[in-house]
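Structure provided below as structure tokens; questions to follow.
Order of writing sets the chain letters: A, B and C. Residues in each chain are counted from 1.
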Amino acid sequence: MSQAAEITPRAPGSLAPREAVRLLARVHAVDAVGLEGRAAALASRSIKKDAKLWALDLAIRCMDLTTLEGSDTAGKIVALCSKAVRPDPVDPSIPSVAAVCLYPQLVPVAVQELAGTGVKVASVAGSFPSGLGPLDARLQEIRDVAAMGADEIDIVLNRSLFLGGRYRETFEELAGAREAAGSAHLKVILETGELGSYDRIRQASVLAMAAGADFIKTSTGKIGVNATLPTALCMEEAARDFFRETGRRVGIKVAGGVRAAKQAIQYLVVLHETLGPEWMTPDLFRIGASSLLNDVLMQIDKQRTGRYQGPDYFTID
Amino acid sequence: MTDAIQTPMPSWEYAPAPESTDIVKLADRYGLFIGGDFVDPKSGRWFETINPATEETLAEVAEAGPEDVGLAVDAARDAGTTWRGLAGSERAKYLFRIARALQERAREFAVLETMNGGKPIKESRDIDLPLAAAHFFYYAGWADKLEYAFPGRTPRPIGVAGQIIPWNFPMLMAAWKLAPALATGNTVVLKPAETTPLTALLLAEVIREAELPPGVVNIVTGAGQTGAALVAAPVDKIAFTGSTEVGKLIRRATAGTGKRLTLELGGKAANVVFEDAALDQAVEGVVNGIFFNQGHVCCAGSRLLVQEPVFEILIDKLKERLQTLRIGDPLDKNTDIGAINSRQQLDKIEELVASGVAEGAEMYQPFCDLPERGFWFRPTLFTGVSQSHRIAREEIFGPVLSILTFRTPEEAVEKANNSPYGLSAGVWTEKGSRILWMAERLRAGVVWANTFNRFDPASPFGGYKESGFGREGGLQGLEPYLAFDGGEI
Amino acid sequence: MSRVPVKRTAKLFIAGKFPRSESGRSYEVLANDGRPIARAAQASRKDLRDAVKAARSAQPGWAAMTAYNRGQILYRVAELMEGRREQFRSELADAGASDPDRGVDAAIDRWVWYAGWADKIGQVLGGTNPVAGPYYNFTVPEPTGVVGVVAPQDQSLLGLISRLAPAIVSGNTAVVLASERSPLPAISLAEVLATSDVPAGVVNILTGSTVELAPWLAGHMDVNALDVTGVPADLMAEVQTLAAENVKRLHSAPTSDPFSASAQSPYEVTALMEFKTVWHPIGA
């Protein structure tokens, strides 16, 4: 169980705009209280013993170890890559994470560090985090990071267009990004904290999936509201219906604010009971995080040794 | 590394997560709680109470005969003078004490509730016990404010209330009955259901620790005979929650006696899903509506009415959802569906389900292993059901959903109301005006719109038609325990 | 040559019409002093069945009217009674009322009083409930449906109206068993109702034997509630037993004196209503 993510070949591209609009029109409403109630009920699942170890192992294998700071340097990326490949230097049974997620300029560093390890290189692109640069420049940035060897590209939904009701243009931008990403996996960040309601989150999910996104992702981590369990549930319900409609499985990435192993397990429970076992793989689920990894390692150690752990026993990179 | 699609990992099995039963200390034998003490029954008879998930005996419980019931009523009568003589503000404090004690000992009560009744621990822990404590807290606050509850009227207690409660929410029903009765200055003889007496007896302990004057609350255990003795005893009021059949017997038994009566009886609620509903939440609501507490719920949404355009997708989603329901050990914190409360109830469910199959409805049950011992029934859907089928008309009181379709709002209302019952109803639509249109027309005491099976001490609950009369909960829940000038019989 | 007065035939009032009893029976009505003053129809159980049917079919429409409209319609009954007060006065005098004028005044005023409750009862006795969760929760009183009214034997006008007005103002429809001994004020009221704006079937009035008819009313499966004020004591147990069949709501007058202050109350209206509680999530 220690292999890093296996990446499926690029999914068939975007749907025809007419088909996308049809799907968008058929999106079911979301009742906020019901959705949050369901998420809370799932969060109260009690995951113990082997089931917990299994989940913690999967959480690592689904992790996009992330650094998106203006102050990131090559040195920091080298260290991060090392941690990504061997999260616990003294315990070889701990798997590698799925990917390292960073800014475009640092992609070559990660590509070099991670070559042959199975850990993917993911880069944000397309005027992250606002997504409001000139369209040509955004598409060019996507092409550039793909050319630099990024396996996965995380772009943002154009909330300006989407919230303004310009769905056709939103869709076309996303479809353009899909094309620009070439063979790289495309993750579309909805920035759910800015969409205002679960109905809009669900619509945005459908639009992104219809445009060919391989993953839909909650957040940039750059605003106050990050991933939440109900948000993930909402997107997963959209993915479930999209699969029913099109037969294509789209992945879910939760990002921002996931710091504790317990949260990670809760996200896995929601995933498991919403999309089922088929989605319990790094191919279809990711957690974007920076500080989560050490907490997961501590919890694994606790499960194995029966002792509560302290942070000094885990490396900081 | 290959580019092949990775096969899904072996499915994630949640490890058992049983709640410990260490917190519950059971006696071998429980007497009757009369006049503040546990006493042996004059009847000389005892019966065993079991855990329906294991069929193991938990304890022996006294069976109250007519003489025992008479003593309990005498004790309640004697205590009445003291109790009604107390200032409301002081009566309130006793009820607040009970509420607090229930919060303190919630885990213990929840575990015992699950052991004796078979309901999932997550429900007894998260719903039954918190709500029971909340009921005491809510009505405690009314005790010294009754003059504000009924403008223009001067309320006074009725006297001694005989209260008979069912086995589906043993502790919660005890709270629904006791809290308003005590707040309004009445004294009580409570009879818990014969299959689930233990939490009421633990409550007796709490009542004693709260130092309620002896005799204010008396608890007599036993089966139907004990209930009949209580109905026949010289009480001033009977409050009953249970089947419509027994409710009618009680109505007849009290005819001409002048005893006040409230009845909270059966139901066959329609849960109506329109095509524009928030479907994924509707699925949750439908599941919660019928599988909550194994469907042992008088207000269960046991008739699903689906608007035809979304019939197929809703059924698909429901079936998919049913596969994720976890049935088994009620003490496991991840169990969604626990044990059927008794062999007798299981027989009844099986008989009605067989009738559904025989009448030509199509049955669906997810595959799941059932424990060897104990009483179990898989969550069950019936499609192709028509209004005339027994499974569409009779209360099954189990995890069995009958699904029908409709085309127009008028048809939905007509079908929903086409029942002698009228306890609850559900409506799922995103259209506000339609919700209100439906809510106005559904002949049911509780209408849940875009939700189902929600309860709150501040919210009145009770039925139309053969689902009974009188309300429990809220301001309206005080009235059945108060006398005014003249009036009701 | 003196004119021969035209006498009234006292008939039943069902679905807005004045049929004779299908049984062909009638009985002699005596004044309080024993003088025969009329014959009244003696309704049968089949007449009762027809009356319930009429009440059921009128009920949804009556309940669907706005409360404002129902209030005006009941107020109009008071207006019309005022115009016929001499007739009611003489019938009460015949029935032995000590102060017939006072009886007529109070009966008319009672309509006015209850008419005003039509659009206030929900405000005063319903409300919102502060539940512990993200839900909007409110409770409204609603009509229970078809109500049987066994009117008191005494106070044949005020006693009847004190039971009937609160029963129908909320949107219920009624089947009334009039005072057996003094049915004429009830018949006159029927004639007022027939010429008022009260829709046909909202009030149906039967005259005849209370002992014969009350059990049929109590056992009828399409009657939702029963006002048993006029049920004789020795019949009460039977009536209550029969009422169990469809779990009828039973209610009786708060006082035997309809002139007393407690005889009119909004609680007389809600006693024949159902409290419905509606939940809805609060979410964006």
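Definition applied: contacts are C-beta pairs under 8 Å (C-beta built on N, C-alpha and C of every residue); 3 or more make two chains touch, one makes a residue touch a chain.
Predicted model only: the values in this text are computed from it and were never measured.
Both subunit A and subunit B are touched by C.
Ranked by how close its mean Cα position lies to the mean of all protein Cα atoms, the top chain is B.
Interface comparison, A-C against B-C: more C-beta pairs in contact at B-C. One inter-chain figure worth recording: subunit A and subunit B are separated by 43 Å, centre to centre, where each centre is the mean of the chain's CA atoms. Subunit C has its Cα centroid 69 Å from the Cα centroid of subunit A. The distance from the centre of subunit B to the centre of subunit C, with each centre set as the mean of the Cα atoms, comes to 37 Å. Listed for subunit B are residues 450-451, each touching two or more other chains.
Residue positions 31, 33-34 of subunit A each touch two or more of the other chains.
In subunit C, the positions touching at least two other chains are 135, 281.
Subunit C meets subunit B in the complex at residues 124, 127, 129-133, 135, 137, 139, 144, 224, 228, 236-241, 243-247, 249-255, 262, 265-267, 271, 274-281. In the complex of the two chains, the subunit B residues touching subunit C come out as 134, 150-153, 244, 247-249, 251-252, 254-256, 263, 265, 420, 435, 439, 444-451, 454, 456, 458-462, 464-469, 471, 474-476, 484-489.
On the side of subunit C, the complex with subunit A involves touching residues 134-135, 281-284. Of all residues in subunit A, only 31-34, 36, 196-197 touch subunit C in the complex they form.
Residue ranges on subunit A touching subunit B, taken from their complex, read 1, 6-9, 28-31, 33-35, 37-38, 44-52, 54-55, 58, 118, 237, 244, 268, 272-273, 277-278, 280-281, 283.
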